[in-house]
Every structure is written in C-alpha cells, then in structure tokens.
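Labels A, B, C and D are assigned to the chains in the order they are written; within every chain, residues are numbered from 1.
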Amino acid sequence: MFKKILIANRGEIAVRIIRACREMGISPIVVYSDADRSALHVRLADQAYYIGASPSIESYLSAEKIVNVLKESKADAVHPGYGFLSENAKFVQAVEQAGIVFIGPSAQAMEMMGDKIRARQLAKSANAPVVPGTEKPLESLEEALKVAKEIGYPVMLKAAAGGGGKGMRLVRKEEDLAGAYNIARSEASAAFKDATVYLEKYIVRPRHIEIQLLADRQGNYVYLGERECSIQRRNQKVVEECPSPINSAELRRQMGEAAIRIAKQAEYYNAGTIEFLADQEHNFYFLEMNTRLQVEHPVTELVTGIDLVKEQIKIAAGQPLSFTQSDIHLRGAAIECRIYAEDAEKNFMPNPGRITRLAPPSGPGVREDSGVYEGFEVPIYYDPLLSKLSVWAATRPEAIARLGRVLDEYAIDGIKTTIPFFKEILKQEEFIKGDLDTGYIERNWHPNKSDSTENKELEHLAALVTAIHHNINSKKVTTESNTTQKQSAWKLNVRAKGRGF
Amino acid sequence: MFKKILIANRGEIAVRIIRACREMGISPIVVYSDADRSALHVRLADQAYYIGASPSIESYLSAEKIVNVLKESKADAVHPGYGFLSENAKFVQAVEQAGIVFIGPSAQAMEMMGDKIRARQLAKSANAPVVPGTEKPLESLEEALKVAKEIGYPVMLKAAAGGGGKGMRLVRKEEDLAGAYNIARSEASAAFKDATVYLEKYIVRPRHIEIQLLADRQGNYVYLGERECSIQRRNQKVVEECPSPINSAELRRQMGEAAIRIAKQAEYYNAGTIEFLADQEHNFYFLEMNTRLQVEHPVTELVTGIDLVKEQIKIAAGQPLSFTQSDIHLRGAAIECRIYAEDAEKNFMPNPGRITRLAPPSGPGVREDSGVYEGFEVPIYYDPLLSKLSVWAATRPEAIARLGRVLDEYAIDGIKTTIPFFKEILKQEEFIKGDLDTGYIERNWHPNKSDSTENKELEHLAALVTAIHHNINSKKVTTESNTTQKQSAWKLNVRAKGRGF
Amino acid sequence: MKLEIEIADKTLSIDWEENDSIVKATIDGNSYELTLMSPTSNVYTLLFNNNVYELSVETNPLNNTVKVADKVFTTKVVDRRQRGRKTDSATSGTQAISAPMPGRVVQVLKNVGDEVKSGEGVVVVEAMKMQNELGSPKNGHVTTIKVKAGQTVVAGEVLAIIE
Amino acid sequence: MKLEIEIADKTLSIDWEENDSIVKATIDGNSYELTLMSPTSNVYTLLFNNNVYELSVETNPLNNTVKVADKVFTTKVVDRRQRGRKTDSATSGTQAISAPMPGRVVQVLKNVGDEVKSGEGVVVVEAMKMQNELGSPKNGHVTTIKVKAGQTVVAGEVLAIIE
C-alpha cells in the first residue's frame, strides 16, 4: 500500500480524501494557493506545499506545479478529487511518466470518456441508449443553428471537455442560441482551456439518474446502486439521493448492467459514474461518464456501506475488489444537500466571505463533509461548495424528516448559503412524492414570494435583541477604537487580514 | 401520535430525544436547573421549564416538580432518558395517575427488574443463568462478611436500586469489605435515596455483554444484537461496541433468546437491556436488566439501522413493532467512546469547567451525540459525560482505524477529557485483538508512564507559539483592563458569569 | 435603557432594564419579562412564557440581520444624533452598474459612448466559477467604465455608469 | 522580539521577527523560517519545511498549556521584571489537604485534634456524581478544618490542615 498520497485538490473533497488516508495509515500531503493558506485541508494534512496565486489556473489547475510537488514530496500516488485536474488525461500521463500512481482510470479511458462525443459513440457500441444530438464538436454558430433546427428545440449546449455544469446552456428558442453559444464557449474555455461545445436534444422533464461503478485493474466490475440527482440549478446538482424514488430493483439492474457494459468497453478501472437521463416513462439514455470520484458519493456510501475513496485507493494500489455484485445491498435511504455559499433568493448568486459562526448539526444519521471552519474566509476564486450535509434513515420519508431536523439545527452566519432553500424544498409536495426532474427548481422555487405572515412577537424579540446587542457592542467599539491605536502595525495587519498573520 | 413530549433529563441524552421528537413532528419540551440555564438541551427545545437549584435532588430528581411541569405544559408523554427518574417506579405511577404516558415500561415491570435481587430470581425462573450471590439485601456488615466468606473473594457490592456504577464496589480481600460497604451504601443513598446493597461472586476477567431488546405493548419481542461494554472505569462503561468481538451468530442467538425469556417473564415493554457477564469460556450469566434507554444505544442503531428512541416513542403510543426478528440484520461494526470531563491521567478525576474550544470530528462513519457547545460551562453537579463519539465501518479493524482518525481530529480545550485515554487504548494489542474484560483499564492503563521521548522540534515550536501568543495577549490584557472600568456593572456581571446575563 | 429600532417598515420604541439574566422590557407599548442568555457571541437565547427563542445578530455597516427560527429580520438602531436623514439622491438620468458580489471582471462588453438597451450586457463578472453578465439598468449610453478585465472587485463597487 | 520560555525543564531564548505570515526565529541557537497562521483564536497553524503543525494554547494563571499532535507541553514566559523567584516555602511539619477539582463537600470524617495516619480519609468531596475520599498526606493530627458538609469548593481550595 502507498505510504504517502498527494491530494491535488482543496475544500471538502481534499478533507474527505485526507480522512480516508488517515484511516488507511497513509500520510496525506496537500497543496495550497494564496487564498488557502489556512484552509481546512492544509490544517488537517501532514504536509502542505505552496503552489501559487489564488486563481486556479495559477495553482490547482497547474499540472506542472503539481507534478513538481509530487516529485519533491516523494509521494507514491496522487488523488485528484473531482474538478481541477481530475479529468485531465495529460496530467495522468505526466504523473505516470514520473513513476507515480494516478488514483483514477488510465489516461486512455479518461480521454475516451472525457470527450463527450466519443463517449456517446462508445455507449452506442456498448448497446446503451443515447440522447439524440451531434456526434462531433460544433464548428461554428451556423452549424449549431442548423443541427438545433434538425433535432428540434429545446436543445442543450455542452462543453466537450466539461462537467459540473460549466459551459452548459439550455436553449429554448432559436433566437437565444447565439448568446448561449458564446457564453458556453467562454465558460468552457475558462474552465477547461477548451472552448469546444456540442449540442443535444433536451428531454422534457428528464430525471438525472446515475449509476456508481467500481472496477479494479483485474477486470472486475460492480455497480453500487443509483443516485437521483435531478434537483439542479444552472445544470449543477444541489440535492442528491440514493436510492432514486422511482428505481425498482429491475430498473436498477438494467441501468447497472448498461453502465457496466459501457465501462467495460472503455477498459475502465477506478470508481466511476455513468450518468443517465430518464424520461417520464422511465426510459433512460446515456448522458456522460464521470471518470472520477463524484461530489455526491456520500449517499452511495451511506446506503451500501462501502467506502468509495478507500476502494479507489486500493484499486490504484493494484488490489482486486474484495466483494462481488451479490455482496452489495442497499439499506435505507440517504439524501445529500450541497451547502453552497450562494444567495438562493437572488438566483443563487455566489456569496463568498467570512464565516462568523458555524454550528453544524449532529446526532443520529447525519454525515457532514465540510471544507470550512468558523472564522474561515471563503475565497472568491473557487467553487462555492462549503459542505455536503447528508442524512441516512431507514426509509425516504424518515430521511426527509431527518434532513428537516438537521437543517434547522445548522447555523451559519456571515455569508448566505443554500440552507434556507433546502428547508423550503423539503416542504414541497413534489419533493415529498419524489416527483423530480431537472427543471424542479425553475418550476418550484419562487424566492420572491417572501414569507409575509407577520409575527408581532418575533418582531418585538428581534428588536429587543438588536437593542441589547447594540448596547453591548457600541461600548466595545468605542473602547476598541481607543485602544487599536496603541497596537502594533503587526497586530493591525492581523486584524485587517482577519485570517493569517 | 403524541403532540408534545416532556424530556425529564439534561445533557446529551436530552438532546438525543429532542432530535427524535423533531424528526417525528413532536414538540420537545425540557426542564432545567440553575446550572443549565443555557445548556444545549434548553437551546434546542421548543419550551423549557425551570425546576430548581443545581443539585439534581432539587431539580432533575424531583418527581413532584416534573409532574407539575407535565401538567402545566400539557405534555402528552414524558421521556425520562437514563439516570435521574428513569428507573423510579413511583414516578411512573405519578405520571400515569396524571393521565400522561410514561415512555418506558410499566411501573410493575420496572419495580421488579429495578430491584436487582428480585430480578435475579426472575431470571432464574426464566431459566437464564445467574451469578452466585445473595438473594436478598444485606442486613448488616456482619452478614456481608459472612456471605462473602461463603461464596469466596473477590466479591462485588452493588446497590439494589442502582445502575451506572454508583454504589458499586469490588472487594478483593476481607479486610477491605467494611470500608467498601460503607462507601457503597453512602453512594447508593446519595444517588438513589436507597442505601440497600447486595453482594455477588466476582467473575474473573469477565466480559460485560448486553442484549438490546425492543418489546411492544402487544407482546412482540425482538433482540437487536449485543453490545460489548467491557472497558470500564469505576465499574462504569467508557467504550462500547456492537457486535462483540467474540460473539458468533450462535452465541448471539442464545443470549438474545435468554434475554427475551427474562423480559417476557416481567411482561416488559419498551426498549430494554439485559446485561450479562461472560467468562473466559464464553459462559454467560444474567447480571441485571436496565429498564430504559441505554447510554450506549448508538452502536446498536448504527449496526441495525433501527432508531431506538423513535421505537420507544412508538411503543409508548401503542403502536406494534413494524418488524420481526427475521428483519433484523447487523451490518458492519460500531464503537462508541464516552467523552467524559475527566482527567484520565489522574485516576479519571472529574474535570468540570468552561469549554474554550470545541471542534468535533466529522466525515464518513462518524456520529456525535453531544450535550455541550463551545463556551459552555460544564457544571460540577452532574454526570461528567460531555458527548458520545461513535464510529461505524464495514469491519471492526476499519472501525478502530476510523476511531483513531476521528479522535485525532477532535479538539477540546479548557477542560480535560478522556480523549487522550481513548487514543492510547486503541493502540493496545489486547484491544485490537478484542481481548477485553472489565479489568481492562486496571490492567492496561498506566497513565504515569508518561511519553518521555523528547522531540526538540516540537518543543521549539511550542515555545515559539507561546512567545507569539504571549506577545499578542499581553497587549490585549493591558487594553482590556484599561477599558473594563468604563463598562457598566451589567457588562461586568456578564463577564464574571461568563455565560448568561 | 431606551432605544428606537427600525424593523419590518416600523419603528419600535424599546424601554428595558436588565437584572442578572432577567430582562423587563416595554416594546411598542407591550410589556415583556423574559430570561436572556448569550451562549456564544452574537447569539441570544430567550425564554419567554417558557418558550425558547434563539436569535443571532449580524451587524453590517448599515443595519443588522437578526435570524430567529426561519425568519430573517433587517433591523436598524435609530440614531437620534443624526440630523435629518439623507434621502437617496434622485439619480435622475444617471444610473450605475455595480458588482452584486465580490469577484473578478472577466470581460467588458461595451466601450464608453456605446449605446445600450435596458438589460443589454455591459460587464461580465466571475465569482466562484460563475460568470454573471451585468446588464444596463436602462436604455441610454455608457458614460464611464471603471474596470477592466482581470480586475478584482468588491461587493457594491461601481463598474460602469449609464446615462 | 525576544522572550525566554520555560518548557520541559529547560529555558529557551527566542528571538523572532514577523513579516505578514512569515516568521523568522532563532530558538536556542537554531534558525527557523516558517509560515504561521491563526485560523481561530488560540490556535496556530505552522508550516515548517512543508510540514503542518497545529498548536493550541491555553493560558492559565501560572503557565500555558500548549498542545501539538499528541503532546502536551507546559510553558511559561520568563518575566524579567520579577525580582528573584519566591521559593516554595518549606512546609516543614504542616501540610494541607486541598480540593483536586471543583465540587461539594459531602462529609467531614475527622474533627480538629483527631489523630490521622497517612492516607486515612479526612474529607469526602463530590463532583459530577463521584465521591472522592481525600486522605491525609502524612501521619499527624488535624489542626484545622476549613469546610463543612454541603459546602461548594473550588479547585485548589484548602479543606483541612494536618500537622
């Protein structure tokens, strides 16, 4: 087994991987940018290497810098997490050329599945159903307009190199295509250094259901049930659950077996996810493969009892899977909420800043995968994901009730988060019935319909607390401003920076 | 189902029950003493009633005050937690006379099983093996000396009304009996208002293994596997696990069936625990029954997936169990550590005080059941249990590795806790092998063998941080002492009290 | 003590005294007696008629955000010393496009002098990997561009002015 | 800046300067250059040779407790202004029994004038439901009893004196 693993990532997923390393007796090593000098992943690691300025392009996206750290730190292996370099086949090649193990698939499999267009072709050849659309990258806006007219609106533009909703745009009408095409290419270029986009038929009220796979280097394949990830904003998942409210054992088997056929075709090893769209009649279509650990992996872990990160590491170390398909049993139901630093009331606008209070929930059936701590300044440069809050319970209704309880317990002050949004979603009849699709938020989230029920007593108490708080703090402020001048420039610097010295 | 449940307890168990209520849509109501005005259970409740001064005898042990609150608050039911009034049959009668549901067994079953001597007789009649000892309360020290001589030393003195290690004393030699007899009676009297003690043969290197039961008011009984609770200090459990490292399916079935025979004999309903001692040959003997929720219930919940508190509430509401014995499956392994405010280096001396930093671990497979928060002043009046930290993993070795990881993450400053003790235990060969017995700590814990390996670098860094910290805070202290005088008496009062206004 | 607090379009006068943890208050003519604790800084636990309320207060430069249960109130202490409020200067023909959150300017789509329609994109700002095209608040033309691509901006910073 | 720190029976002289988060220090003659952050009050994260160290400091009236990894150090800043240290006054024949933790006195087992043997119980103190019988530190007799049953005591409070 490896002695040292370098984690080429940040935030909650870096912390998740650090924890797996600790439990396996492996020394976790991390990298950090300027904005992350005192990030949680740095605090929890054995070693931390500085890799540059805050923008990802100068730090976490720099394959060269990461490879240099791999060599300097004498790491045995690198775990890429998700995002950043996790689906960069050239990075895999550079790592392997340096004699270091990449915890993920082969560069070939990654390249094949990472190119959405080749992946479609491969899925077809594996006899898996696919969504109608372009078979090759769009050469021009003119071509996009032509293809869209052929398959009919609505259509979806997607980055060929993409994932995570970056470079994706839904286009409902012909006149919107030009603007969307430009933005999608610009985002794709910024996120993946590759502006190539393609186009697909947009399925009406589709559910996003994906199959989690594990495959070892010996050619053993298992599927670990599905995840329903239909609740999305900006084509990015915000709530995920396992199992899907619609999935019967038979549908699960059909999707699982199709997923394994696709993965086998690519000679894939590592954890991997085959994403499907399912229409209202429960027909399903191959969407894409994610050749890496998925953000929402905790719900699968909670329901199957299998630790996906540890399995990734064992597979990378050459160990065969220690279980077969018949050993995999789903128990109960798990739901994950992605706690983003976003103002859901204002179209999920990013809301970076300092976390002045952080009190996560605990107790039975709660799992918190966080990348932040109280006092941390959430940087403007990266994904707004602060933490993943997951619950498990014996049944879906109990899991929903539990999620309501834990969201009520969760206190974050200083920045806006998606917590109030989740509380609202949980009360909606469609969610409770499991009647989900990727248009759920657009259809059901009406933030401006503010809660207008007046509560005189709460108003009075809020006003009273404001007065008492003001009374305490106006004194404090006065005395502080008197004394600050006596303090050293060094101390002022600390104060100004907030974090760090 | 009930609308309102009053929780006649405090600390982590009150919080645990509040959470179950929330998830069932029941309004949780609590009681508090002076020392608990801003305790976590108060903060999380819908309503909180003041019941008196800090010593339990004037608040949490006052059946009269609790019954008055039950009436005033119009609660439908009362959950007693563990300890305090949870095994007080007179309280059960008073509650039921007020037309309110007691979430627990009948007063008769409680009385029968609560009296350790009658419980022994009942176990015998249920054809369950028992430990040799007195069949009736000891009348005098002289009788104790006589009986002890008959069954042979070592012997164990136990409070007839007791539980949780209070009023228990191990006596190895005749000359120690007199002192132990007096202390046991005094503790029993203080804890249970009943000084009666009895005496049993002390089994050499016994394991403490207990069976969790659920029984409804319709007469359905199931057992939910066992818990190994052999690691004890002062005869009180500190580490518990499910399953036991020694338990085979066959031994589990034998113990489970014996436990159900005993419970049936008492016409018991509610969650309940039958405690057994197992000797080195895996013979087992009935020890006592706990007619209430057990501190260590989380490990059973983690392994069976059944929520014991919710089941208790459903049973009390008259619902039959929704599952039978064949539906109960154990998955993986769970271990719980009781995080006590105690200095394990100094014979587990209680260590109450203010928690200046509290950073519990999270991530996969962790469950934290805490009754405290950062800034809370842990009172001197109650049990030193701050929090229960539990882990789950697919196998016992993985659970041990995970526990090591989470204990390393856990930061508590301001008071001493048992965390360093647990870290040490986990590294011991006997623990890893599962070679446990109730003398484990006495045999394996040598606190004064301090870690004398010198680490110059850590010393230097600790000294440097001391210097830098001093440099910042000496300035702060100066400015604070200058400004304090300007502040109101009210503010000073806040400062003096720390918590509360 | 006495203060006036603005909350939910009302101004409430509050007159209160504290004694240990007991607070007696008259709020908008209603009497309250309650127990008040502060378990942690900026958090207040109130017991009133045996009901538990936990409120957190965030103080911003202009006002406070008070959270209680699922409600969020914006509150403000009325400053008696302030001589007559400044009314928002009627911006007549001139309107600014400002950054709704901290971020980096990715692209400036217009030049000074360009005509723009209401809603037409002027500046694209990126924060946390999300690009936001900020549109003109009105029909008019661009009189000032204050930023360029690559620049970091803070929340509320003026990026361009449309006349 | 310069300070002397007592740690692990040694006194280390520390000479350091800070510049943003970079600290250059000479500790007991060894040179260090490291990055130092304080993610939260009383907690310091150090990066030295790319190794991560997280230290927490608790300041007590007499000294500091510094935790790092599984080590706990007791440290003390040497106060140059202190004119010659007080040596612990040799307690000769007189020894005190003091409370090892905060709690309540449950029972006083001896009276003034009683003879006691070393280890023989004098006072029983209860904290957190645990009774601790506090024994005499020596053979002698009880000269003073300072507490009575039911009384609350703080950590370190003298309960009785044995001569």
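Keep in mind that, in the parts below, contacts are C-beta pairs under 8 Å (C-beta built on N, C-alpha and C of every residue); 3 or more make two chains touch, one makes a residue touch a chain.
All values derive from a computational prediction rather than experimental measurement.
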Pair sharing more residue contacts (C-beta pairs) when B-D is set against B-C: B-D
Separation of chain B from chain D, taking each centre as the mean of its C-alpha atoms, in whole Å: 30
Averaged-CA centre spacing for the pair chain D and chain A, given as whole angstrom: 47
Contacts with two or more other chains, residues of chain D listed in rising order: 18, 23, 36, 40
For chain B, residues that touch 2 or more chains besides their own: 44, 373, 494
Touch relationships between chains, expressed as pairs: A-B, A-C, A-D, B-C, B-D
Chain B-facing residues of chain D, complex: 1, 3, 5, 7-8, 10, 12, 14, 16, 18, 23, 25, 27-28, 30, 32, 36, 40, 42-44, 46, 48, 53, 55-59, 64, 66-71, 73, 75-77, 100-104, 106-107, 126-133, 152
Contact footprint of chain C on chain A as seen in their complex: 55, 166, 183, 186-187, 190-191, 234, 341-342, 346, 349-353, 356-357, 380-384, 411, 413-414, 420, 423, 451, 454-455, 457-471, 473
Residues of chain C that touch chain B when the two form their complex: 18, 20-21, 23, 35-40, 45, 47, 50-52, 54
Partner chain A, residues of chain B touching it in the complex: 15-16, 19-20, 22-25, 44, 298, 301, 305-307, 331-332, 359-360, 362-370, 373, 393-394, 398, 401-402, 404-405, 408-409, 472, 475, 479, 482-483, 486-488, 491, 494
Complex contacts: residues of chain B adjacent to chain C: 37-38, 42-49, 73, 373-376, 490, 493-494, 499-501
